[in-house]
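When the chains are written out, they are named A, B and C in that same order, and each has its own residue count from 1.
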């Protein structure tokens, strides 16, 4: 393995800065419920710690032909449910009866998606792509829940929330589609792109889909009222 | 290991069919709360994926003397709490104040039971049976909760629910007692029965205790109102 | 490894006795909510099972230079969140709107603390102490939550609860500070103290911080009303 340690340290630093910034925002909550801030703070902290373990060489599995970054899945299995919860909380922010069934379905499909990704990364041949396709199906289910039941709830909660929800959901959708794309083109999949591209992509993407996402979501919510 | 792949593929297919059927039922919910359908759908999907990993040879640990099907525990650790929750939700369906203590105790005892089973399967000698007995104690606790506190709640919720609850709980009890029995007779325990019998049993049993159970539960609930 | 099996059996027995005693108390709950008893019973049962696995030689990783007791982390990752929940439930016992954000923060910081401890124990050199320091930061966060937001809630709930909460929180704080101290002095850290001291410390400490803590908490709560 080449040594990408400094890149991963840099990422951990960005995440820490993000967490501190959201903590700072939470001191003037402007009527945004405090769990929205909590989720925004926990996501980069957890992800930063996961990438730190990669920088230390502990979160990777060096195999003869390639390096498996399993700490990424450790990161995602915690942060992606939190991101979905943040989005869902935004949709149901004015709704009295919080639909636990929707929240539970989102988290279940998401955890399943990340697990299949991990198993796919550890598999080879046809089996790899069976797990990958199962992960894709879970992702489609998540996108369905985001764009149908949840969007309807947001739409019913007034024009301003509807606009904000749609923008945030669109942002999330764009970035989340890039993950399986980068994954399948890189060493985990068919191996078209090189290790370096893969490492860089999984450093740049999460900055946008974690810190960027929370900035978009929290600013929108703060402007709502 | 002999190749039981096709049997496990068959099982995965049955589970998929079950999930699709419960999804179909959920389109005409007939006043049954949507989380009852959600649980009925998640159980076979998860179990199907676990058995798929067995068919691929990934969910097993081949040891010199025998094969350990650890993916079974991965299946159970998720599906058995869901089955218990489904039963408990049925008991408390008309109850205003949902007793979280009962739900939490059920899930805690159940996860403990499955973990002890996994450790027992990986152990040998006396130690194996110590863990096994601890698992049995947890099972007895679960059955106690099902037949005392939960049954009382169901009984207080009217004659029709009481009948339905007792039938569903009896069905579950019968099948759940068979699991440790098959386990201890097979290669995981004393090794009286052969591998083939064991594999077949753990394909036939879960079809009844998962899909069969949910059919019984959902039909009963749909007929209630 | 020297054989400390009998010490660990003794611990498991103490835990079992504790659980049975709390079960006995729960039969005359004296207006204390039943989840307080449930938590007090689950903690020693889980911990006893974890130490049983150490006694069997399964919960340890024998390395050339030293023995890693990873089952301790398995114990802590379940019991420390439960201990914090017990304390938090005490603080908010009269509060109508239970603050889920506080509970969630406590559990998140705590699970993070235990995981960093496990990784630190498996690491060496500088990396070990980076993880250790991250764990310490999480502990400081936990203590902050206990002594600021939670204490304020307790204070607002009347003089008697305030006194009881402060005493229980002080007890917990003292013992929890000893854990990272013993850890870092022992073979997991700089290795000043010997294995025997370490094993003894991690048998004596948890008796006080688990059974002792629950006795203090439950007696106080029972006397409140």
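The rule is short, and it goes like this: contacts are C-beta pairs under 8 Å (C-beta built on N, C-alpha and C of every residue); 3 or more make two chains touch, one makes a residue touch a chain.
Model, not experiment: these values are computed from the prediction.
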| item | value |
| --- | --- |
| Interface residue identity across copies chain B, chain C - same or different by half | different |
| Between chain A and its twin chain C, rotation from the CA superposition, multiple of 5 degrees | 120 |
| Separation of mean Cα positions, chain C and chain B [Å, integer] | 31 |
| Two or more partner chains touched - positions in chain B | none |
| In the complex, chain C residues that touch chain A | 100-101, 104-105, 108, 112, 116, 119, 122-123, 127, 130, 134 |
| Residue numbers on chain A that touch chain C, as the complex places them | 34-35, 38, 42, 45-46, 49, 52-53, 56, 58 |
